[in-house]
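Across the two complexes that follow, chain A remains constant while its partner is chain B and subsequently chain C.
Presenting the complex of A and B:
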């Protein structure tokens, strides 16, 4: 199994298409960092425009932690497309190339084959997120320095102390990894049905867009299904940046406001991953290879 | 060497895909090496190498990398020497480091065969190995198949509809049509002039068959299509057949001995239109 995963990873990382995602993330992050470095103060002033008359904030608001937060808000919406490029190509791409025939005439079971394929897609997803973390978090910390993180929520503000932030990013990236694995699992499932990559990639994005709209619509009739949609839970990495307060409104260092929401979301996403991958294996085991 | 013959759509590729577990049979079971394929799949596939239809490999990898990758998948202990020997055998050693996308169809086919052979299988299955090749490519593949069969003593199953090519290499022939086996036999028997196929066209086929059934020729009747009857017999017996047909009151319009596999195959599997289209 380990050897199979190695082979699958070798195939992924020998294809030029794989590096499109890394290049896209690098370009986007570099542009955002460059823009904020040049004109970040205007952005910070714009962000603080409603509060500037009531509170005074000292220190470096536009620090590496805030820049990373801004980028995660922007990028985690688009990263699924980059993941779908590879995950939705895992089976359909092989069918399209004709290599599925030769692969499946080797002495490996279809279940092993599928598990190795998904494991490789998962490693790719993780590597993409690690790259995102390196550039967005560590890069921004290096360029903009570190300080307290000041975040504006819809009805209140959160001020996280400098020493209480890094672990939250570790948690947020961990959560994002589970969310992105769900996207990878969906793309992987859809790739079983097609013999070219475009269909499953478009289908994966279409499902995500469709479910995201359902998740955000404030129409009562849809409220019953929202908790079961994986898109409802994908943005809950933000929960790591909300903290509990005491009765006297003092923030509790090292706390998370709604840890049960994070756990619930992770469970829902994990159930989706297991469901998508199991369905993909069961369907593929019965599939006649006609490509 | 076993050759699976049939027209396009006869079921050759489907049969091979079932052998290689790419398609589930709708009924029945498959046994290879005395083991049921359903329960001993991996054990069986370790002893089989196959190229199914086009020899599709990873075009962005080199010939060397493709062989190495599939050798690992086949559970072979990979060494540089093993890979280069394999490439040497299929005549690609000088192009080992070139990516496959620069290869001609014939080179891809040879690489496909190299991959199929990397784990030294007992049985080699080649589905339409000469499809899309130029005359030189066809000759190369034919020679390679002959080497595998005669020099390396491998059992080779080849499916094809290119009869002239197959006639030269086959030792055993199996003709299928519409998913059914029509005939199976040693190539020597099927093509041997001493075992000539005689095609008789009669005015009344049913009557002719009835008369033959009551004669000593019954055992020679192979098939009957439209107004033609096919008998397999020693060439020297043809004059006697002539005499007996007259004596049996069969109105013979024509009697034609056929020798080649092509004639035999077409008459066994085709309608008259097919025969005409093929022979024109």
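Presenting the complex of A and C:
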């Protein structure tokens, strides 16, 4: 099994397409960091224009932690596309090149073959997230320094102490890993149905866009199905950046406002991953391989 | 007619004597405050504003005559209500150009106090009206309610302890009105709408903000460099 995963990883990293995602993330993060370094204070002033009429805010607002948060907000919506580029190509790519039949002549079960393929896609997804973390978090910490994290929510603001932030990012990236694995699993499932890569990649993105719109629309008729859509839960990494308060409105350092929401979202996403991968294996096992 | 004239003269005399009394009291309070040329204090600041979630912060407060004042958070970001916190007792009564009006007596934290209303003489002052609650026996300002042109009205309540001889409080509580805070969800990228609508009582409570500073240590008349007050 380990050997199979190694082979699959070798194939992934031999393709130039794999590096598009890493290059895209590098370019996007560098541009955002460059822009914020040059004119970040104007951006911060714009964000705080309502608040600054009644509150004086003193300190290094635009520090590495805030820059990373801004980037995660923007990028974690688009990273699924980059993951779909590889995950949705795992089976359909082989079918397209006509290598699927040859591979299945080897003495391995189809389940093993599929699990190795998914494991390789998962490793790629993790590597992409680690790269994102290195550039967005550590890069920003290096360029902008660290300080307290001042976050503006839609109806309140949160001030997190410098020493109470890093573990939250570890949690948020861990959560994002599960969310992105769900996307990989969906792409992987859809790749079983096609014999070229474009179809599953576009289909994966279409499903994500469609579900995201349903998740964000505030129409009562859709509220009943929202908890079952994985896109509803994918953004819950932000829950790590909210704190509980005491009766006198004093924030409790080290607390998370709704830990049960995070656990629930992780469970929903894990169920989706297991469901998508199981479905992909079952369908593939019964599939007549003609290419 | 004679009776009416006598009443008017007596009333005018009483008012003049009363005004002289309260002005004398304020001057005594001011003289006590004047003993402090500068101070540096360590404190803990607690912010209680409905739309702000912030932990306790350590602060350093600097004051230098006549009314230089700076509150600095030790590292990190500080959120302070505009105007209010920078007001200290010296700035409230530092001006000589004011009209003092006696407004009766009251009790603040079990201490009998005299209520004095201060009206600034000039038009340029940001302060419109200050009501002082003065503990006459100890020459301490226990409470002040200040209305400003720019920053609304705020209450300042002081509790004194071991530095009462210098008129320096152990604890100061600022209460002020807050404005509504809302940011479009498109900017914050939050589309979760699980929040319950606020009740009327909650809305009313949310309009009041409080900043509480508990001082742990004062360093008085040791000299402070002017650069400390530069922002």
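Everything below uses one rule, namely that the second predicted complex is superposed on the first by the 291 of 291 C-alpha atoms of A that agree within 3 Å, B and C clash if a C-alpha of one lies under 4 Å from a C-alpha of the other, contacts with A are read in each partner's own complex, and residues count from 1 in each chain.
Just so it is clear, a contact is a pair of C-beta atoms (placed from the backbone, for glycine too) under 8 Å apart; a residue touches a chain by one contact, two chains touch by 3 or more.
Keep in mind the model is a prediction, meaning the values are calculated, not measured.
In this superposed model built on chain A, chain B and chain C occupy separate space and fit side by side. In the superposed pair of complexes, A:109 makes contact with chain B only, with no contact to chain C. Of the two partner chains placed around the shared chain by superposition, chain C is the only one that A:248 touches, whereas chain B remains out of contact.
Touching more residues of chain A than its counterpart among chain B and chain C is C. Rounded in steps of 10, the angle chain B-chain A-chain C defined by Cα centres in the superposition reads 180°. Of the two partner chains, neither chain B nor chain C is touched by A:124. Of the two partner chains placed by the overlay, only chain C lies in contact with A:148; chain B stays clear of it.
When the two complexes are overlaid on their common chain A, residue A:3 makes contact with chain B while staying clear of chain C.
In the superposed model, A:188 lies in contact with neither chain B nor chain C. Minimum C-alpha separation, chain B to chain C, in the superposed model: 41 Å. Within chain A, no residue touches chain B in one complex and chain C in the other.
Interface residues of chain C facing chain A in the complex, by the touch rule stated above, are 46-56, 72-73, 75-82, 178-179, 181-185, 187-193, 195. Residue ranges on chain A touching chain C, taken from their complex, read 47, 50-51, 53-61, 73, 77, 147-148, 150, 152-159, 161-162, 164, 215-216, 218, 235, 238, 242-243, 245, 248-253.
Listing the residues of chain B that touch chain A in their complex gives 17, 20-24, 41-43, 45-46, 48, 50-54, 56-61, 65, 69-70, 72-75, 112, 115. Put simply, chain A touches chain B in their complex at residues 3-4, 7, 10-11, 14-16, 97-99, 101-109, 286, 288-290.
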